[in-house]
Structure formats: C-alpha cells, structure tokens
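What follows is a pair of complexes built around chain A, which joins chain B in one and chain C in the other.
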Partner chain A sequence: MGISSWLKERIPVSGDQLRELTNEPVPNHLRHWWFCLGGTPAYLFVIQIVTGILLAFYYEPSSRTAYNSVKYITDEAAYGWYFRSVHKWGATLMIAAVILHQMRVFFTGAYRKPRELNWMIGMCLLLLTLIAGFTGYSLVYEQLSYWGTTVGANIGASVPVVGDLSKQMLLGGETYNERTLSRLYIIHAAILPVLTIVLLGLHITLIRLQGVSELKFSSEKEGEPAHFNFFPDHLLTEIKIGLVLMILLSVLATVLPATLGPRADPLSTPEVIKPEWFFYVAFRWLKLFSGTFAVITTGFIVFTMFVWPFIDSFLRRRKGLEEASVWVGILAVLSIVGLTVWEAAVAH
Partner chain B sequence: MSEHPETPVPPQEDGELDRRGFLARASAYAMGAGLVTSYGCFAAMAGRYLYPARPAPKAWMYVAEVAGFGVGSSLTYTAPDGATVAVARQKSAGNVDDFIALSSTCPHLGCKVHWEGQNQRFFCPCHNGVFDPSGAPVSGPPFEAGQSLPRFPLRIEGGLLYIEVGLEGLPTGEE
Partner chain C sequence: MTLESKRRVIFFLGMLFLTSLIFVQWMEVTRKRQEAGLDDAHVSVPAASKGCVDCHTDNTPGIVSHWKGSTHAKKGVGCLECHAADPADADGYPHYGKHIATIVSPMDCSKCHVTEGKEFATSHHAKGGRILASLDNYLAEVVEGARVPFNPHSKTLGRSHESEKVNGGASVESGCKQCHGSQVALVATDGSLITMADLKPGEDGKPTNTAILQKIQKDGKGKPVLHSSTWPNTGIGRINLDGSLGSCSACHSRHDFSPRRARQPENCGKCHLGPDHPQEEIYNESKHGVAYRDLRDKMNLDSRTWVLGKDYSAAPTCATCHMSGHSRNGGKVTHDPGERISWTNRPPISQVMDTDKNHAVILETDPEKRRALIADSWEAKRNRMKDVCSHCHAPDYVNGFYQQYDDLVRLYNEKFAKPGTAIMTELKKQGLLTKADFDEEVEWDWYYLWHHEGRRARHGASMMAPDYTHWHGMFEVAERWYTKFIPQVREIVDHAKKDGRDEKAKAVEQVVEEIMNRAEHRWQKEPPKPPEPK
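Take a look at the complex of A and B:
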C-alpha cells in the first residue's frame, strides 16, 4: 500500500474536497495588490509569533534581569540582533498595515451591512495590536520603556470609575514594582497573541461566510467572469506579498537595527520622553487637553469608530448626507497625520 | 421503539405535560446556574489572585535631630526604596508643622521632578510641570489641575524627626 492511500484511509478527505473547502471565489479587484493589505497584518502576525518565541528563549522578565537579557540578545546571541530587529520592525509594519487595511475598508465602504460585526472585530484587532506594541516596548526596560509604562499606566488611571483598577491590574500595585514586568510579559507574549488568534479566526470565518465585498472597475469589460480562484491564484499573490515583506523586514533590520538606550532608572526621568510613533496622536491629544477631558474624548472617539457602520447607515438615509462618511474619513486621516507630525516635530 | 423517554408523546392531560415541561426547564436552569456559579467562582478567585496582594510596605525612619535643624535649611533624605526626599524646615515653632518633606514624584502622571538650583524651582520634564520650593504648582499641567508635589508624612518623637517612606524599591544601576 502506498503512502498516499495509507494517509487517505486515516484522513478521509480528497484533494477535490480540500479544494472545495478552501476555494472561495475571489472578486477580481483583488488582483490589485493594494486590496490584499488585509493579508499583510496576518502574515506579519505570524512573523511576530515566530520571532517573539525566539526572543523568549533568552528574555528574562524581571527588573533585575530584563535589560541585560535584551542586551545579551542584541550583542551576544548569534543573530539575536536580527531577530530582535525583525520583531521590532514587524511590530511597526504590522501597525501600519492594520491602519492601511482599515483605511481601505473604510473608504470602499466595505464595513456596511452585513459586515458591521467584522468591522468591530477589526477594531478589536487594531486595539490589541496597539496594546501589544505598548507592552512589548515596555519589556526592553530601557529608560523610555520604564517611563512610558509609568506615564501610560497613570493616563489609564485617570479614566473615570475603572481607571484605578486597570492601573493596579496592569502594574500589579500602586506603582511600577518588582512584580510589574512579569505581568507585562505574560500580557504581551500570551494573552494578547491568544486573543488575536481567536479574533483573527472569527474575522476570517466571517469573511468566508459573507464573501469579500465586490467592487467594479470601469476598465473591466461586461460579461467577463467577476471572480478568480483563491487557490492557487490568490494564494500565489499572498506568497509574493509575504516574500516582499520578508525582504523588506530583513533590509530594515540590517540597516536600522533595534537599539538599546540607557537602563531604566526609577529615580530620574529623562529630559525628553516620547512613546513609540503610533501613540504620537494620543500623546499630542493628551498634551492639548487636561487629563480627564482628553481621556474621555479619546474613549469617545474610539467608541465612535467602533459603531461607525451604524452611524454611517443612519447618515446615508438622510438626504444630502449620503457621502458624509468619505468626508469624515478624510478629516480623520488628516487629523491623525497632523497630530502625529506635530508630536514628532517638537521635543515637548 | 422509544429509546429516549421524551420522544414519543402520547396524548396526555395538560397537567402531565406541564409538569414534564416544568421539570425539564427547571433542571436546565439549575444546570445553567450551577455552571455559572462554579466557573464564576473560578473567575472571581483568579481576579482576586491577580489583584495586587498588598500595598508596598512602609515604615517610619529617622531623619534628623530637630534641635540641629536650622530654620530655612534643608537636606536631602534618601529612603530605603531609593526615593530622594527634600526635607526643609520653614518655621521655628518646634512642632512637626515646621517641616515639609516633598516627594519628587510629579502629581500629574508620575514622572520624577528635579530641583533646578539656578531657577529655584522643581521641574518635571514630561510635560513641563513647574513647582516652587514649597511644592506648589507654578505652571504646566499640575498648575492647571491644582496639584502640588505630594508630601511625606512626618512625626517628631523625643526631639527626633521621623519620616514615613517606602521600604522596597526597584533595583537601580547595573546588577
């Protein structure tokens, strides 16, 4: 008996059935690579898992050991600098990719009925990725990690009602203490990845159930088939995107490797403190307004983003407001870019 | 035929049906409640486990002799947890209200302020908070929110000045 028939007896599925299962018809507009940005964060997430597990072999999460273990990874472990830098650039690109993907979904109106729930799942994925970026950076235990975590936790504490509890749960005490890093670590390397996997699974299941939303380009002739096959055509596109990303990550990691600033000093705050670039928007916002007001408005904005599909459907039923979402989107993008550039340009 | 007792439903009096329906529903609810209670209990225990067990330990520590502490003079006290505390004597009444002990933790978002001798002020680099020598806010977010530098509790006993400070700090410097 050959291997294939041996296997077939134990795993009773045929090639045709497999093809049937995976072969979702893909709308033609996905021949354009910029519509495939949704696959990019997913691919980068896999990269984060692989490099994250590699880092975890040497990383030691305690205030006495964390900094030196990152130093060891960077300076001594063979290719440690490479994996650390890929993890860091992977995080940067992943956040950028999630944002770009979300902008694509927004401006093509792909969040509209019946895809409202998937938009909300996407919002959760965005928040999870941002929190992963925040907790990951805090693990390095350099000066900015430490003070970023302290300031971040205190911003959280100014949220009405649940603020103090969330700070206590994040830090494991009133302030940064001996038991803080292990918490941040388990949140970063276990809880967030597991939640992300679950939500990604739901996200993709819903896409499969509803199909990718259709778009027509004027260049397409009438009567041509509007779909092509997931397997192998679309899979090939994704493999190509994956390779390009891997090359990009390796080049970035080599040319601009992750650096290591001075070790955390709980007794002195550096002259200039900044979060990572993806929090510049929120950081500038917090400097513009007094604490509680800024925190409440931030929460309100995030909530609005969550329920946008419903606001949008309400607006589209009013005369003259049908296209409002485009203008809101443009305004939002401009404000985000504006606040980010502003924060990047000044020291304080 | 009937392997499952509930499959064949012979014509029955209403009372019989109600009782069966009631029993089935009651047992489903009971089971649901049992599941919720047991897993809920587990979740509550996990929540309590994760909630920080105890506040950081504190103790009263000796700072200086009151008699030798001139009015207008100040000293820097270093607590066991590493915190540096500016202790100053402002009056000569001889009681504890003569003294202030300022924390260097900014009341805004927790950064460390430092003393700028040439400007006679405490400065917080995070959002440009400024405090006068007594810890009152002068400008920046702490001023807008009316937050002074926190003070450590002081006590005089037998002519000696004591301060209540934290005992456990994070390690500083290379280990």
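Take a look at the complex of A and C:
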C-alpha cells in the first residue's frame, strides 16, 4: 500500500474535492495587490503568534522580573532582539494593515447586505488588535509603558457605569499592583489570540460562503472572464505580499530595533506620557475635551462604526444619500490622520 | 460616484495614511530612543535663555553642546536659572540686557536641589577649603613656593614680561586649591582682594558690607574682576562670595552635569589619587575595581535612577559605597560621603568617626563627655556601609573584612602613629627642633611616614588593595621608621648631648627607648624565634 492510498483511507477527501473546496473563483479586481490587503493582517497575525511564542519562552510576567526578562531577551538571548523587534514592528504593521483593509472595504461598500455581520466581526477584530497592542506594550514594564497602562486604565475608569469595574478587571485592583502584569499577560498571550483566531475563522468562513464582493471597473472588457483561480494565481500574489512584508519587517527590526527605556518607577511620573501611536487619535481627542465627554463620544463613534452598514442602508434607502458613506469616510480618515499626526508632533 | 473615483479616493487616503504612519513612527522611534538614552532628547530652550543660547552657540559651542545633553536642558532649565544675579550680588554684572554672575555657587544650586545642598553643606567635602592654614598648605605656600612674590633672577627666553614678579602661590593655586577649593576673591580698585570675609554675606548670600561694593574693580564692560589666584576654580570646598561652601561642579561637571560621569570612579580620581591618598589606584587594584572595568557595560550608568540592587548590581564604584542609594535604604542618595565612613585616616593617628552635631570628629577623651557629644556614632556609620556591602556579601564576610581593616588601622596606630606622635611632641617640647617646619630631615620623614605611607596602608586596607596595604603602605612605614626616623631622632639626641643639653636629650631619649623596648619593636635586639608549625 502506497503512502497516497494509506492517507486517502484515513482522510477521505479526494484531490478534486480539496481543489474545489479551496479553489474559489476570485474576482478580477483582486489581481491588483492593493486589493489583497485583507490577507495581510492574517499573515502578520501568524508572525505575531510565532514571534510571541518565542518571546514567551523568556518573558516572566511579574513586576519584579518583567523588565529584566525583556532586557535579557533584548541584550542576551540569541536573536532575542530580532524577534522582539519583529514582534514590535509586526504589531504596528498589523494595525496599519487592518486599517487599510477596513478603508478599502468601507469605500467600496463591501460591508453592505449581506455582509453586515462580517463587517461587525471585522470591527471586533480591529478592537482586539488594538487591545493586543495596548496590553503587549504594557508587558515591557519600562517607565513609559507602565505609565501608559496606568493612564489607559484611568481613562477606562471614566466610562460611565462600567468604567470602574473595567479598570479593576484590567489592573486586578484599584491601582497597578503585583497582580496586574500577570493579568495583562494572560489577556495578551491567551485570551486575545484565541478570540482573534475564532473571529478570524468566522470572518474567512463568511467570506467563503458569501464570496468576495465584486468590483467591476470600466477598464475591464466585456466578454472576458470576471474571475480567476485562487490557486495558484491569487495564492502567488499573497505569497509575494508575504515575502515583501517579511523583508520590510526584517529591515525595520534591524535598522530600528525595539528599544528599552528605563525600568518602571511607580514613584516617579515621567514628564511626558504618551500611549502607543495607534491610540494617539483617542489621546488627542481626550486632551481636546473633558474626560467624560471625550470617552462618551469615543464610545459613540465606535458604536457608529459597528452599526454603519445599517445606518448606510437607512441613508441610501430612506434619504437617497447614495454617497454619504464616501464623504463620512473621507471626513473620518482625515480626522484620524490629523489627530494622530497632531499628537505625534507635539511634546505634550 | 464611479468605482474609478472611489479607487482614486482610496489611493489618496491610503497614501495619506501611510505617509502619516511613517511620520508618526519616526516621531515614536525618536521618542523611544531618547527615553532609552540612545539619542539626545529634543531641547526646548527657555525663552529667557534663548538669546544666551543663540549667541553662545557661536562663541562657546562647547558649553551649549554640553548643556543640550544635560537633564537641565530636557527639563527646561536654561542659562539664567543658574547664572541670573541679583543687583545686590557683589559679582553680578549686566550682560546683553540680563544681570548675571559667572560663578554658580551651591547656594544657587540649592534653590532647586534643596536636600542635596543641605547634605553637602554638612559634609567634609564642603570644608575642604579650610586646608588653607594646614601643614599641607604650608608645604605648598612656603616650602614649594613663597608667601611673597619675588623677582625672577634671570631672563626667560621668549617671554616679554621679564619684569613680572614670580607668583609664589602658583603651586597652591594650580595644585592644592583646584581640589580643596579657593577662597573666591574679587579685585579691589587698589589691587587688594575682596573675599566673603570682607563682604560679610547674610543668610541670603547678599553682602551686608555694602560700602565695599564701591571698591570692586570692573572691566570695560562693567564686569567685576575675579582674581586669577582664586578663579577659575572648582575645588570641592571653594569658599564663595555668597558665603556658601563648595562647588557642585567639582563632581557634576558643568555644563552637562552628567549623573553618568559622577557615578564613575574616574570622576573622584581627579583629586583622590596620588602618593598621599591614592584612593583611585587602590580601588583599581581591588576586586571592586577589577569587576567594574570588566562589567562596566552592565552598570546601567545612564539610568535615571541608580539604585544598587535594583538598577544594577554588577560592581560598586566610589559613588555606590559612599553616596548612592541602594535597595536597603529606599534608594536614598546622600551628598555627605562621611555618612558611611567609620574611621578617618586623614590625621597621623586614625580616629573613629564619632561626630558631633556640627559633623565634626569628636576628640574628647572623657568617655561620658564624649558620649554626650555624639550626634552620629561610628557604629551607625559603619552599619550604613554594611547595608551597602550586604548587597553582595554575607554578614560574616562583611564582619570579617571590618575585623581585618580595624586590625590594620590599630596596628599602624599603636606601633607607629601614636609612638611617632609622642616622639615628635617631645622633640618640640624639649626644643630640639627649630621653629620652622620642614627645615629638618626628621620632619620630612615623619611627614612621609604618616601622611603618605601611613595613609596608603590604611586606605589600602579600607578598600581591599593588598599591595597598597603592604608594599606601598606598611612596608614603607616600617622602613622609614627603622632606617630613617628613629636613627634621625637618636642623632638629634646625640647632638643635644654633645651640645650640653643633657636634660632635654635624656627626656627625648627616654621616650624613644621606652617605645623601642616595647615587645613589638624588640625584634632588633632579640630576633624572634620562627613561628612553631600549628
């Protein structure tokens, strides 16, 4: 009995069935790489999992040991600096890729019926990615990450009704204490990855069931096939993007490796406290308005983003505002970019 | 809107996002590199000091460059925060619309660094300038130089100032005072010197003798002239015009005031080195110094806080043991290095560091009176040092070390220092020495014995440097005692006898022979048996 028949007996799926299962027809617009950014966050997520496991071999989540273990990873463990840097830059690129993917979906109206639920799953994935970024940086236990976490938890506390509870859940007490880091670590390294994998699976399953939304550009000639094969054509594009990303990550990790500031000192508040860059927009918003107002409006904006497919449907059908989403999208992107750049440019 | 238009919108917004991402990441990386100490922080020049920085960037770029690398610059402490002077200050002068003073005294630094200023003011460091009337200074002022200027006795080729008098104080000014500190003086219109003794500063540092301010000589720009014999000077015990003692920049070099530098032994080695107090060389020879050189990269010298047992544990430096915070004292730094020193090995006979409320070593011999005077005992000081030692050594090890150190000091004190002091006192009492110091060989030899060799032995033992304890220390003490000092005293006694001063000679002889007949000195007369094997 050959290996092929031995395997077929135990995995009763034929090659044809497997090809049919994976080789979904892909719309022509996905021949262009800039429409393939949906796969990029998933690719980066895998890199984060692999590098995260390697870092977890050495990381010790307690306020006494965390900083020294990160220092050990950075200064002494073989290639520790590289994997830490790839993990750091992977997080940045993953968040950027999720935002770019979401922009593409938003402006092409790919969230519309029947894909409303998948949009909401995507929103959940965006929030999970942001929380993973926040908790991940907190684990470094350097001065800025410690105070960033403290400020972040205090901002969370200003959410009406559930604020105090959420802060206590995050910190494991009223303030940052001995138990906080282990809690953040479990959230970062266990809860968030599992949730992300589950939602990512759902996200891809729904795409597979509903198919990729079709975009027909005028440059496409009539009579030509509107689709091409996933395998090998589209897969090749994804592999190319993956290789370029890996090179970009390696270059960033080598040229701008992750640094390590001074160890966290709970008794000494730094002059300038800033969160990670992806929270700059919220941080600047908070500085512009009073705490509670800013938190409530932020919550309202996030909620609006969640239910946007239904709002958009209402505006189009009832009000005839076909292009409202485009103008709202332009305003939103300009605001996000503007507030982020503003916060990055100023010292305080 | 067509799909093509939407594509253009996506392209434009995507590019905008990516461009902003590059900018944001650039700012983020810059900020984190600064926080990690890899790059200098961005400096915001305070508005009041902007003019100073602009002009001095061209005129004295080194000063501005150093300042830009300082914590002061990061925290917005500019030039005027330290150099601004009050119109009432004797050394203040107008400078491009501002009123400033050149010298920044500990009183100026204490405006912000209050605790550090108080601790330093009570330290032995702050009193370093009081060397002025000591034997060491007599050597430099009189023996090496001259207390009066004198005429050159021949021409110096290439010099045009042949009529210029020779400054007899040059050795003191470039030598002693650069470590101990000068008494800062302004030049008066009649050429005399104006010091804090003339200005009589009040508690706020302002002169109370305002009449003398009119006599201060000023240059063409209205700047008071500081006398070159007293400035430039960053001696640690400098006596300033505002009455404060010391110079913070002795350790915290201007204008970057680098904590990193102050943590390194080389910083202390500007003064704590040489034949009479080779602390830096002793440290270098010790296991502590060896470990420091090897593990310097792990010392976390750039850390904002530098707490032993928390921020680093690789090796101790001078600052670690004598000044810096550690995990057992809550990280509290002291600017009084005497707080952890239990012997003073500076005088001919070492004394334990029981200090009074004025932080002076107590010399009272009556036990009860002595007890009443003690504000901080030598045991308390030793325990503070033991707290540092115990970060790396077990209690038995630390106690064993201190036993060895105490034994060495007591051996030196009892065998050589106290007897030598008794002999010199008796020689003076009987008038067998001339009035002038250092005009007789025995005075030089006694000075070498305690001031150079005796200190080397004691300091060597205090910091675990075996070669300095023995070959550069006790060996040379013994050699000088037996081959020079005692033979010279006996010669003086013989001369006195020949000169008919029998009674005086016998008084000294009695002291010498009583000492030389003691068990520890009898080896010359009765060679000891070799020790029996145990």
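Operating definition for what follows: the second predicted complex is superposed on the first by the 345 of 348 C-alpha atoms of A that agree within 3 Å, B and C clash if a C-alpha of one lies under 4 Å from a C-alpha of the other, contacts with A are read in each partner's own complex, and residues count from 1 in each chain.
The working rule: a residue touches a chain if its C-beta (ideal position, glycine included) is under 8 Å from a C-beta of that chain, and two chains touch if they have at least 3 such contacts.
Small disclaimer: the values here were computed from a predicted structure and weren't measured.
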| item | value |
| --- | --- |
| Partner chain in contact with A:Gly291 - chain B first, chain C second, else both or neither | first |
| Which of chain B and chain C A:Ile11 touches, first, second, both or neither | neither |
| Chain B versus chain C as contact partner of A:Met103, first or second or both or neither | second |
| Touching partner for A:Glu271 - first (chain B), second (chain C), both, neither | both |
| Contacts of A:Tyr176 with chain B and chain C, given as first, second, both or neither | first |
| Touching partner for A:Gln168 - first (chain B), second (chain C), both, neither | first |
| Touched partner set for A:Ala78, first chain B, second chain C, both or neither | neither |
| Partner chain in contact with A:Leu256 - chain B first, chain C second, else both or neither | second |
| Contacts of A:Arg64 with chain B and chain C, given as first, second, both or neither | first |
| Chain B and chain C contact sites that coincide on chain A, given as residue numbers | 263, 265, 268, 271-272 |
| Sites on chain A touched by chain B in the complex | 63-65, 68, 147, 150-151, 153-155, 168-169, 171-179, 263-273, 287, 290-291, 348 |
| Touching residues (chain side chain C, partner chain A) in the complex | 1-4, 6-7, 9-11, 13-14, 16-18, 20-21, 23-25, 27-29, 31-33, 35-38, 42, 44, 74-75, 303-305, 310-311 |
| Of all residues in chain B, those that touch chain A in their complex | 50-52, 55-56, 82-84, 108-112, 114, 124-128, 141, 144-145, 168-175 |
| Residue ranges of chain A in contact with chain C within the complex | 34, 92, 96, 99-100, 103-104, 107-108, 142-144, 215-219, 256, 259-263, 265, 268, 271-272, 274, 276-277, 280, 323, 326, 329-330, 333-334, 337, 340-341, 344-345, 347 |
